[in-house]
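Input: one structure, supplied below.
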Amino acid sequence: MKKVVTFGELMLRLAPEGCLRFVQAEKFQATMGGAEANVAVDLACLGAEAAFVTKLPAHEIGQLAVNSLRRFGVDTSNILRGGARVGVYYCEKGASQRASKVIYDRAGSAIAEARPGEFDWDAIFGEAGWFHFTGITPALSEGCAALCLEACQAARRHGVPVSCDLNYRRNLWPREQAGRVMAGLMPYVRLLVANEEDAADVFGIHATGSDIEGGKLSREGYADVARQLSERFGIPEIAVTLRQSISASDNIWAGMLYSNQKCYFSKEYPVHIVDRVGGGDSFGAGLIFATLEGQSPAGRLEFAVAASCLKHSIEGDFNVISAGEARRLAGGSGSGRVQR
Amino acid sequence: MKKVVTFGELMLRLAPEGCLRFVQAEKFQATMGGAEANVAVDLACLGAEAAFVTKLPAHEIGQLAVNSLRRFGVDTSNILRGGARVGVYYCEKGASQRASKVIYDRAGSAIAEARPGEFDWDAIFGEAGWFHFTGITPALSEGCAALCLEACQAARRHGVPVSCDLNYRRNLWPREQAGRVMAGLMPYVRLLVANEEDAADVFGIHATGSDIEGGKLSREGYADVARQLSERFGIPEIAVTLRQSISASDNIWAGMLYSNQKCYFSKEYPVHIVDRVGGGDSFGAGLIFATLEGQSPAGRLEFAVAASCLKHSIEGDFNVISAGEARRLAGGSGSGRVQR
Amino acid sequence: MKKVVTFGELMLRLAPEGCLRFVQAEKFQATMGGAEANVAVDLACLGAEAAFVTKLPAHEIGQLAVNSLRRFGVDTSNILRGGARVGVYYCEKGASQRASKVIYDRAGSAIAEARPGEFDWDAIFGEAGWFHFTGITPALSEGCAALCLEACQAARRHGVPVSCDLNYRRNLWPREQAGRVMAGLMPYVRLLVANEEDAADVFGIHATGSDIEGGKLSREGYADVARQLSERFGIPEIAVTLRQSISASDNIWAGMLYSNQKCYFSKEYPVHIVDRVGGGDSFGAGLIFATLEGQSPAGRLEFAVAASCLKHSIEGDFNVISAGEARRLAGGSGSGRVQR
Amino acid sequence: MKKVVTFGELMLRLAPEGCLRFVQAEKFQATMGGAEANVAVDLACLGAEAAFVTKLPAHEIGQLAVNSLRRFGVDTSNILRGGARVGVYYCEKGASQRASKVIYDRAGSAIAEARPGEFDWDAIFGEAGWFHFTGITPALSEGCAALCLEACQAARRHGVPVSCDLNYRRNLWPREQAGRVMAGLMPYVRLLVANEEDAADVFGIHATGSDIEGGKLSREGYADVARQLSERFGIPEIAVTLRQSISASDNIWAGMLYSNQKCYFSKEYPVHIVDRVGGGDSFGAGLIFATLEGQSPAGRLEFAVAASCLKHSIEGDFNVISAGEARRLAGGSGSGRVQR
Amino acid sequence: MKKVVTFGELMLRLAPEGCLRFVQAEKFQATMGGAEANVAVDLACLGAEAAFVTKLPAHEIGQLAVNSLRRFGVDTSNILRGGARVGVYYCEKGASQRASKVIYDRAGSAIAEARPGEFDWDAIFGEAGWFHFTGITPALSEGCAALCLEACQAARRHGVPVSCDLNYRRNLWPREQAGRVMAGLMPYVRLLVANEEDAADVFGIHATGSDIEGGKLSREGYADVARQLSERFGIPEIAVTLRQSISASDNIWAGMLYSNQKCYFSKEYPVHIVDRVGGGDSFGAGLIFATLEGQSPAGRLEFAVAASCLKHSIEGDFNVISAGEARRLAGGSGSGRVQR
Amino acid sequence: MKKVVTFGELMLRLAPEGCLRFVQAEKFQATMGGAEANVAVDLACLGAEAAFVTKLPAHEIGQLAVNSLRRFGVDTSNILRGGARVGVYYCEKGASQRASKVIYDRAGSAIAEARPGEFDWDAIFGEAGWFHFTGITPALSEGCAALCLEACQAARRHGVPVSCDLNYRRNLWPREQAGRVMAGLMPYVRLLVANEEDAADVFGIHATGSDIEGGKLSREGYADVARQLSERFGIPEIAVTLRQSISASDNIWAGMLYSNQKCYFSKEYPVHIVDRVGGGDSFGAGLIFATLEGQSPAGRLEFAVAASCLKHSIEGDFNVISAGEARRLAGGSGSGRVQR
């Protein structure tokens, strides 16, 4: 399996212990996370080769960030060292009717301050077999938007397919800016992960009225949004995660894949949530992994949904599961009997 | 919003970590709690001014108790320092069919040994806009019963409305003594929180037979008990929390408010429990807060039930939520989606 | 109540904190466990006299193991000290669709290396009123198989009734060896705990085809398997735990007792799982305890199922509950209301 | 070696983690301790048979206390269960110039409320070979003073030698009351542990002026105090711990034994302190152990000082060391090289 | 005692547990600290009234910061809420030859972005009796430099004496800028805390050559530097902390006060370090406290040195000691005997 | 700098928290360690390329071990996966007169069961610039002894210099076997780390009588032992660590290098110990690093002693320091002032 390269920001995730609220915290669990780094770690755990590209300060907190990836086997040799700070995000775990809360403190991070020309994309993509980024990276700064374009162009030069998770973050940039920048990147994308909210926020794409049932999209509605995305930008495949939020403790999880003008819907999993942050990223990682394995569209979707279902039972941003675990769940073994 | 004064005992709460049983404990989480102190902290977090009145030893454990309130903005300037000990309660968290367990070790605490005349009630109520106490405080000792009466009389002198949570504790005093003492305090009360068990234990008030369905009160039954309480003591408003215990992990939570001879029933919330201690106190705090805000009876009830619903997702006795969080839940947002 | 003796291995249980996976672990909770030791501790907590027989190294880790039993009142005076190592098992707690995982590292433990003749069974059974072992102990080594036979023979000499939990472990021995060895021990057994998988794996006993519904045994199927076990080996009583695994977080728990050619089925409990390891052992302990108390077959079963239902809410291998708690749950009090 | 019986109070010790101050505490380490219970555990760890006699509540915190002793092999079969509370002491660890701090909350404990006649001393001393108590027990209450006398008389009836640690606690009783009560108990004592402050506080015994150097007693001063104690009460042996407090982190530790009108002084150990609470108790335990082993006076002293030197390196009240470890240190091996 | 106002930044302090290095961290202790906030908390613990002025984000991490001060009784009513981020500093505790390490991540904090005119200094100084700031605050940004000048001018208008700790931080600003800005603030200062390095870095003031012994200043050297500072800016009092760093674990601590043209040198304390961060701040707080108490120059110095000596034994930035503890140490009781 | 290859066992290190004894442990810190793996990690942290060769089980505990090395940048691509178990060692931290204690449970580990021919040494040494092993690896099993010989022969084939730490472990093999096997490996060694005890135990080499002062070797004695080792086996360089154990908390640390028939002695460092396990390994790593850097003999020694001095202040087996930190200490900066 060829190496997957992802590019973005790796942040220090500071989370109070257990279900404590921020104002009750005396300690923070210190792990690392960020959409594209999560995908890299998830892929490495599944068994793929994965490399993460970013910029991190030369000091020890930067080193802590690098080590968090190396530990799970991610290639960090293309991470630049320099700049002032490691971005931080504070993460409070919700429960029952109380929602989880995330406070970002990422402005001025080393990668947000990085400038075009700092990365040697040709060297990076020389051995690569896939490239993945999300809509968060170009939102970090104009420099990052330009770096994403650089990366996509280099990927195309090297014949490396590109996937993107649309991932709109309203506190990073306004809708019209997001729409303009992402529209410039879409022509490079072969597989787009996007839900209906992202499609509406970034590209103003909505399902037609008849596709809405009780305020939620119907199956046809999701298909319609995917079709519009695919057609507007010529993207062959659109994947969507389908989350029903019953409470902060319980969700129903599923996915859809629009491929070759056909729509596939996965099984639905009722999940009792341990940590849902990184759930979407693990879906993307699962999809890339199964794609590189050469599975069928339906098989790829079921693998990705099973992998990301398991993510909800795991602490932290990273989906530290094996491909076998995802396969077993996709194959039907979700009763959770003890494995000895 | 005028300042709310509460009066009672603040205890050291010693809880084994997570779901450990007492006999498995190697460490105790050391937080503070007590019905009236909880109400004061809950109000301060919601955004009200709140002051707590008690007596605590001059030593460092007494200071730890004072600090636990100051941290959340409660005015502690009327706490007397002296006496021998901080009361303790041991709290073991239940799960599934295993009930939570509380062992009290509060005899001889500084406040239980306090005597009438020690507090300067006129100074305390000079700036106050509300007074709250519960049936636990007069149960602590004869001195505390006399102090409650002193406080109620002073509140009346200053035109400060009084609320009370009936809160019968069988290991503190026998039923007839509770009935006699509480009957002497009821004339001062404008808003009484009481459930049907408390009403029966303390005042011998029962719903009429036809109001019982399958061993539980019907809606009419609750209304009937509230009406009797209101009429016997001339209390304008009676509030009741309605808890259905499915297991130690799952409850259904709702409330009723009898106001101006009308009964209001709130929405029901299925709650997955993190910590249910202090749930009733947070209902009282929510009701007082919404009352001081001048909301309608139905609005006050929904606010109080939403606030106390959220309490069940929070560790410790204190309901560290903002008024906005309670309003959002009362307004319908209970799906627990991540807030970024 | 006469003393219950159990014989087997006590291992160090190393479990990552909370729901962390093995590869995320920085600390291990260090408790002790093992099927027969669990039964001894469970019995001691219920209020019986219990003694555990094994061999443990003379060093401090062996002492830590001894102390873990003494702490709960188990008689450890017949534990031999010597040999090289304390067996270890690593235990990762599952959640939702992610199963719990156990990795054994028990080869070469002091008890696995013990030889016939090392234990003074006549002294051990002199004061005993019951003997219990499981199918794990004879699987540890040929020496342990011989020791089990020694123990059974001595128990018979002293008129001590014997119970056994069939407990087949595939990574310890192959089916035919298990079948041969266990068949040699069954003649001593008066009460056998076994589920349908164990019966099939060890003795090739299956329910007749018509007893299977949707891939699971029907009530009649369980009865049929119990009858066959009872008749083939002349065992008066067969008990079965009935676990429905909904997920790693939620199970439905019940039991069956075949006694005197009659089948008793217990109530079913939906359990929200804190820790299910040791659940089966706590059922055995409950059954032995209620048997020694002289309860009826139905009462013994309900007591055992209630006790083991509570085990699922308790961390670690040991079911640290009192007999009163099991009786109250069997009697109907499972709503988990706070006990003050 | 015959069984040593000790009698006194076992308290819950609540200590902030590490070097945190009380007002910084969020958790308390929950261990157990008390002068006479410490001696029992220390003896059991050294390899003696030891039994502890007290009264503890029937609830789970009482059980936690019982278990803390059983864990280390102390016989708890003579502990009465009943009464209201487990005494508590809060313990803050000092460092450098900041002294450790202890806040007692022990009034009203089950043992303080116990009454003469509750214990069956004849059964207790039937198998005993030694009895030990300290000056803390009779200070708890008049009932406890009477119980100490009962115990001493019973010990004499059974020919059991008695040791006592004078241990004056000013916050438990005034000097004159201590002097009167302790004088009544001294006639039963064969071995008294006492330092010069205790001798002065309780019995008004001071060294003669010339024995003081720079405000501290000289060797002759200590000998003089011991001689006076021995002669006034006819006690054959007086032992003294000699602590030089350099800071809360560093002490110099040694001891003296006055036996048969001769004075023995031990080696001096510079100790880097981990936890000094229980240091004096471990000296007493060492002395009793070595006495029962039949060592020479000098050997007994060196053993006791080495054992208690090691206590200063161990967390908690209990000196969990083996006799071999104390012997090796007394024999000269204090360089702390890793033992593999 | 009149209220002391301090002004500066309050940061989140993230420290690995115990002696772990940054790259070993899995959790961070989350406390708060900052030079002027430390002084406010230290004063509140000593028993003074203290208020802290800063700007903190409206979000929950900002609230956590506010609460950290309220907990110890600091008046936070003049803290502005707004801005983007709470500054962070990472703190790794050294040991032996390994130095402690601090990594700042404070750029862009709410207070650094604050602008002149945002604070109502006249209201703030209306009730104040002292004002304290350090050279760190004007170094944060031009806005903060202007705010410091605003504050000093307002203090003068209200007749409030001003103290300053020179505290040069090379990574915040260059020497010449520091010199220029601080020179503009010195005319308002009545008591300056500064060591010889700060004096040289900021103002180019050096001791004359003959005052240096073995690379370190002699007593005369310190006096000479103090005299120069006093004379150049007309500051009546100069205080200096004298730290000899033996290793990261052991220091010798003392202080000097130049007052009224006379030099006072304190006792020297050998300190075994628990946490030395905030040591200098606690010296300043001690000096202010003793000044407000009206002690003599020598008494003020000894009090401040004793208070800050104790700080080295306390975790975190805050010196949570009472005035009594500092007085007892200054009075000679540093042997660290247990206080019961 | 060319890659350093080390070969040996990586064990799970289980250590009670802080200074707790084994019998007090409720949790174990779970890190990894082993003499040769430590050297690899230490080198990677210093900035060298390092690869570790071993065999580890395919299960998750094996993966945890692999990850512990990857985290710090060690190349693990030559680690074989298979076999049954990860070796374990239990590690109790001593303090003051109480020695640290290590209990090994490593028999039957995957690497001990490995057989000659399993590793592709030619591939491993193709890119290598140095090979290091210790006397522990050949002691694990005959297979490991043969593997060490294979590795040494392959290293010679590839012109890779070899270093060895003699490291005699008496519980792994008897002296004569060690002497025979190690003598067969010495001809491949260019740099031997050995202390006088190892030299005596393994090779029967002693200093001549006149070189002993007060039971310890004199400088001449160390030189004499080094000379004998060098001459008997033709090893150009012999390095010795010189540890004076004052207590488990305080040591004096230094080293000697015999090179080219000349003896170099380093500075002495008084160390306050955080964790001394791995101290010797960090000396070896420092020496290899400085050798590859091409420093002078005296410079190499000072660097290695400074690096290993710092190790004593760091938790765990691994010396997570940078080369700059070692250089600064060697250059004189050991006063431990805070680095900001």
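Labels for the chains are A, B, C, D, E and F, by order of writing; each one numbers its residues from 1.
Quick note on the criterion: a contact is a pair of C-beta atoms (placed from the backbone, for glycine too) under 8 Å apart; a residue touches a chain by one contact, two chains touch by 3 or more.
Please read these numbers as outputs of a predicted model, since none were measured by experiment.
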item: Interface copy of A-C among B-D, A-E or A-B, judged by whether over half of the contact pairs recur; value: A-B
item: Maximum centroid distance from chain C, chain identifier (CA atoms); value: E
item: Euclidean distance of C-alpha centroids - chain C vs chain F, Å; value: 45
item: Cα-centroid distance, chain B relative to chain F, in whole angstrom; value: 62
item: For chain D, residues that touch 2 or more chains besides their own; value: 18, 21, 23, 26, 67, 72, 101
item: Touching pairs - complete list by chain label; value: A-B, A-C, A-E, A-F, B-C, B-D, B-E, C-D, C-F, D-E, D-F, E-F
item: Interface residues, chain C side, partner chain D - complex; value: 67-68, 70-73
item: Interfacial residue positions of chain F with respect to chain E in the complex; value: 18, 72, 269-274, 309-310, 312-316, 320-321, 325, 329, 333-340
item: Complex contact set, residues of chain B against chain C; value: 18-21, 23-24, 94-102, 104, 169, 171, 245-250, 276-277
item: Partner chain D, residues of chain B touching it in the complex; value: 14, 21-23, 25-31, 59-61, 63-64, 67, 84-86, 88, 90, 92, 101, 103, 105, 107-108
